[in-house]
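Each of the two complexes below includes chain A, the first together with chain B, the second together with chain C.
Now for the complex of A and B:
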């Protein structure tokens, strides 16, 4: 029987921290990175043939507002590495891109084409949680070093590829999304009990639904799900779902709708005054390119970033990797980065670091086995914070975060309220290595069995 | 005169046989001649060709345009996946038999509703029914995995005597043993369909296509024949779905969704539905077209759309329907 603790004690135990320092990012002078000043000395003879990567993301359809930044982050990292001569100073990175919107089956074919016909050395990208479990096993079959930069479903490394060798994933685990939204909602609105859900009808939506509910049950005691709506992914017509939600009179709407779908949802919800009738928590309101969300978006909403990254946090010069990344990204693309940009950018730099480490050990160009050995357990100071790749499941972990939407005069689009950014150490909200597997996810079982119930 | 015609007919038959043998020989040698990716591509193409052959029995020979063939393809695929999930089977023969049976049953049920209608009414009814199956696969996620679909591991072939060895490369299996398995079934299907369309039954279907009333007057039971044609057609397409699953590694509701039905129509329009081999060529060519369009541009949808528009405007008879007469004329001139 789990113990009972007060909500405040509970949140303290989780290590929840709330951002306090507010600074305007635009006014700062960003110091030159120390890294750029020292060039890496490769050991042994390294060939000068290009290093080919295949990057798959959404270039068309409603998800393209999420997908394009992924490609831009990847290209920025590739250009930075190539400016130093390439990987190990010799092998320039070349990128082949592919549209994820072609559908799961076509994506499987495209990955094979990239590996067998284009002869890519490394496969990166992929956004949808419906696609990584399809592509992961194919990448293992093809023996292709793979760094997924999203598609974060827990399912991938728990079931689809339970013993990964070639496949890694750099961005945060998906169960963190639902849990973070629950923590934010229960902190901001401790009295909510009646909850409505709108989720895309596929693995991501169900994952968010499950983890939000279990975390909320532990944090807030008796909650009641009064409405569920499951639109198809890629839907841009939400009227029926919105009216259904409003008629259920919930205290809180929790939604994991993302990409262009979310833009359509919030615009249509405005017409029905949904935001005035209930509190709203999202996992991915800030997943798309920042300027895609208008200033008509009501403030105070939990604006999730897939528990990964927002360009304003850590703010100012407190975390140089971020300050430098935001500046470089803005200079290159004339827009601010998203968590997808950060994930794709970090993935390529983690690959670079692993290749360099492997080179120091074996000399010359290290083979994939050596690179994989270096990636396992690698910790990297990424723009979002320390990113750690767990050796047992090849999943990347970093502290999870979410925030509240505010309309600031400094930006032409809504951003996070920096006084209220919530950060939680990832180990507090995800199952540790070796925890017995469970349904629907190991983390779900772990929360159910080990979290206390707040009174 | 008649002797000359007969001789030229025999010459034509001989010529066709020679080309057929040459193509068959090439198909047999593909894994040796072409890189693995091309063999994979061709496997996909041959599988889609089986689906298109089935589809064309309805469109080309019976005059019914179905916008619901994704249902049969999907039922074939999901049957294999569900046999893996619930019965732990891995025998390809079991998949093939069960897939063909399940799609035949589905087609029989669809037929019971649809064959009393023709033209647009038939097309729309088929579309509607196929979307019922799609929504079942989409919504019953605890059974079908929803949009995540169901994984199908590498099956064993020929009663378990041919299998993927431990630690062996799956790609080698797919581009060699599995390719030959697909090729063999493809040739069987082509042969079977050839027999069907040239049988009295096939002729009756063509009579229905050309003039339903006259066909009825000469004693053809129009609805029954249409129903049988739909069952045969659905079974071929279902078989293709079953063969496709191990190649793709998993099955998702995408193959049950209406755009996939549209794709099957595209195969047949591309190749030409007035000819026997048009759909086969159309399916193989479409598969290449789609793969390379997706691979080389993010505007792949536009590429496919433009091809379709140009096709309808300039080659309404499809590739085979347009090119075959050109070859025939050249031969006559020579």
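Now for the complex of A and C:
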């Protein structure tokens, strides 16, 4: 008989915070982007040759709406570091870019080419969960220091690269998306039982479906999946999916459709009055550049950000790294950053900090082994909050978050209701180190086996 | 019952869009024996130009006037067609088909990049148009008025194209050229002119398709490639080069896809290709194709 607890106790146990002051630093001393750089003095003789990074992301096709912000975040960080003379004040960062839309096989070839003929020192970026598991093993084989900034499938470090040495990933794990949406939905609408799903038919959609359902079962008791739709990624015609969803009369629609697809989905759903007929929770409504979503989007929807980052949070001047980042990013690109921008920006700054720490230990330019040793276990005050690299699996950990959509007169597009932002420490919703691996993901198995059922 | 009716309307709606894309592809092949790989990109050009034009003047004009701007999207695609045929395709007619495929595929890549350069990486939307048509109530179900408009446009396009090809002098010349280009030429038909006109009409239909779908789905990078694949499925079923085939193919694909989504959600990805495979197996030239 599984343990039974009240939902409120359960959420408290998970460490769920709503709209409150996250990122309470305590006594931790962690470098922030601006401060750390000014006070840094490199030890020993550092060469002045450029430090070459290869940044791969989507520049063409429908996913460019995610890829462009990723590149802009990367370039902003590179420009900041170069303004200080480069890494260790000496090595300017040069970026070779590659279009991820070329396809998985071509991307693998491109990584080899960048390493072998462009002689990149570090590989960054990558958005698709279909690509990181193919690129990860190749990066290990090429001995290329790699900082993935998305492509967040659990599969990468569970199966594709189970013992990473050169490969890291700074953004949250995919399973967090479904779990966060379930937490938000069960908190906002505790009576919901009948669930409809619309997901893109590939690994990301399947992952969101599985983790939402298992978390929802634990949080809300007996839920019932009344409708499923699996459109192809890249679909912009959802009329039949919408009609099917409405005809099943669900209490809640959960969808992980993203990018241009999501824009088409919500605009068409509006015309069928779908938002009036059910609650809606998403994993990626706010994944694209903010201005891509119109103010015609109904308020109150769970507007996911891939459980990673929204530019309004942490809000105001409460968290300096974010206030600084948003301002710099806006000044540079005349738009607001997305979670992809933040991931790419943070990756490069974490690399900088690791290089600086390694330099203090060994002097001169540290080799990759020294940089890797410093990246493992690194805690960094990123715009999104503290980001920690777990040494055992090289996965970045930070508070997972989601929020509710609101239309504010301050912005030309919908934003988060700052009073209702939900944050959860990622360790509360991800399998702990060493937990026996399982299907479809270790986290799924861990939730199924260890979470109590709330009553 | 309400769901059934809504889904029938959805099928017709989807078939309308598919027909607008596929009829041009089929027409161009029927007359010129060219498989235009860039056809989907002209559909995207229609969507982007319409979204851009509407965005430019949306705040000055009444919504009903904005509808007219959708024609600008179609006109832009037609203009592109009128320029592309004489410059890029005409020199290749004497060459083997591979050259034409390579040329139009290259054109696809160039157009995709051009659209990104001109309109940037983010989707353009102009949903004021779809909001303008109120949703109507059909047997208790809500149905978007704009979708009905698209169905009407698709139907009108089918009738108009049919009348044009079977009831006008130009249509006779077009069909003559399609059946035997050398003989038509020998009889004094200006084949060059017929070619550029046929290609322009094909592009016009694609551009119109992109423009009318834009208020619902936005103009997004990559939409042209997606549309091209769907158009191929339609013409494989209907028969390449046949207008009736494009219409029947679009209706079949629209209906089967809706059925698939409704009852076999798991195989939505595969269902269209399955129909195409079955048709290819039973009638390799398609339902209305000439072998």
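The definition used in the following text is that the second predicted complex is superposed on the first by the 436 of 455 C-alpha atoms of A that agree within 3 Å, B and C clash if a C-alpha of one lies under 4 Å from a C-alpha of the other, contacts with A are read in each partner's own complex, and residues count from 1 in each chain.
We adopt the following convention: a residue touches a chain if its C-beta (ideal position, glycine included) is under 8 Å from a C-beta of that chain, and two chains touch if they have at least 3 such contacts.
Please read these numbers as outputs of a predicted model, since none were measured by experiment.
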For the combined arrangement obtained by superposing on chain A, do chain B and chain C clash, or do they fit? clash
Look at A:237 in the shared chain and tell me whether it touches chain B only, chain C only, both, or neither; answer first, second, both or neither. second
Given the touch rule stated above, what does A:60 touch, chain B (first), chain C (second), both, or neither? both
Touching partner for A:110 - first (chain B), second (chain C), both, neither: first
If you stack the two complexes on chain A, which partner ends up touching A:134: first (chain B), second (chain C), both, or neither? first
Partner chain(s) touched by A:193 [first = chain B, second = chain C, both, neither]: neither
Regarding the shared-chain residue A:203, is it in contact with chain B (first), chain C (second), both, or neither? first
Touch check for A:84: first (chain B), second (chain C), both, or neither? neither
For A:360, select first, second, both or neither according to whether it touches chain B, chain C, the two together, or no partner. neither
In the overlaid three-chain picture, which partner chain does A:102 touch, first (chain B) or second (chain C), both, or neither? first
In chain A, both chain B and chain C touch residues 59-60, 201, 232
The chain A residues in contact with chain C across the complex are 59-65, 67-68, 101, 201, 228-232, 234-237, 239-241, 243-244, 246-247, 259-260, 263-264, 267-268, 271-273, 288-289, 291-292, 294, 296
Parts of chain A lying in touch with chain B, wherever the complex brings them together: 59-60, 97-99, 102-106, 108-110, 112-114, 116-118, 129-130, 133-134, 137-138, 141-143, 155, 160, 201-203, 206, 232-233
Inside the complex, what are the residues of chain C that reach chain A? 2-3, 6-7, 10-11, 13-14, 17, 112-113, 116, 120-123, 125, 127, 130-131, 135, 141-144, 146-147, 213, 216-218, 220-223, 225-226, 257-258, 261-262, 265-266, 268-269
Quick check on the complex: what are the chain B residues that touch chain A? 35-37, 40, 44, 138-139, 141, 146-149, 151, 169-171, 248-250, 252, 254-255, 290-291, 294-295, 298, 300-301
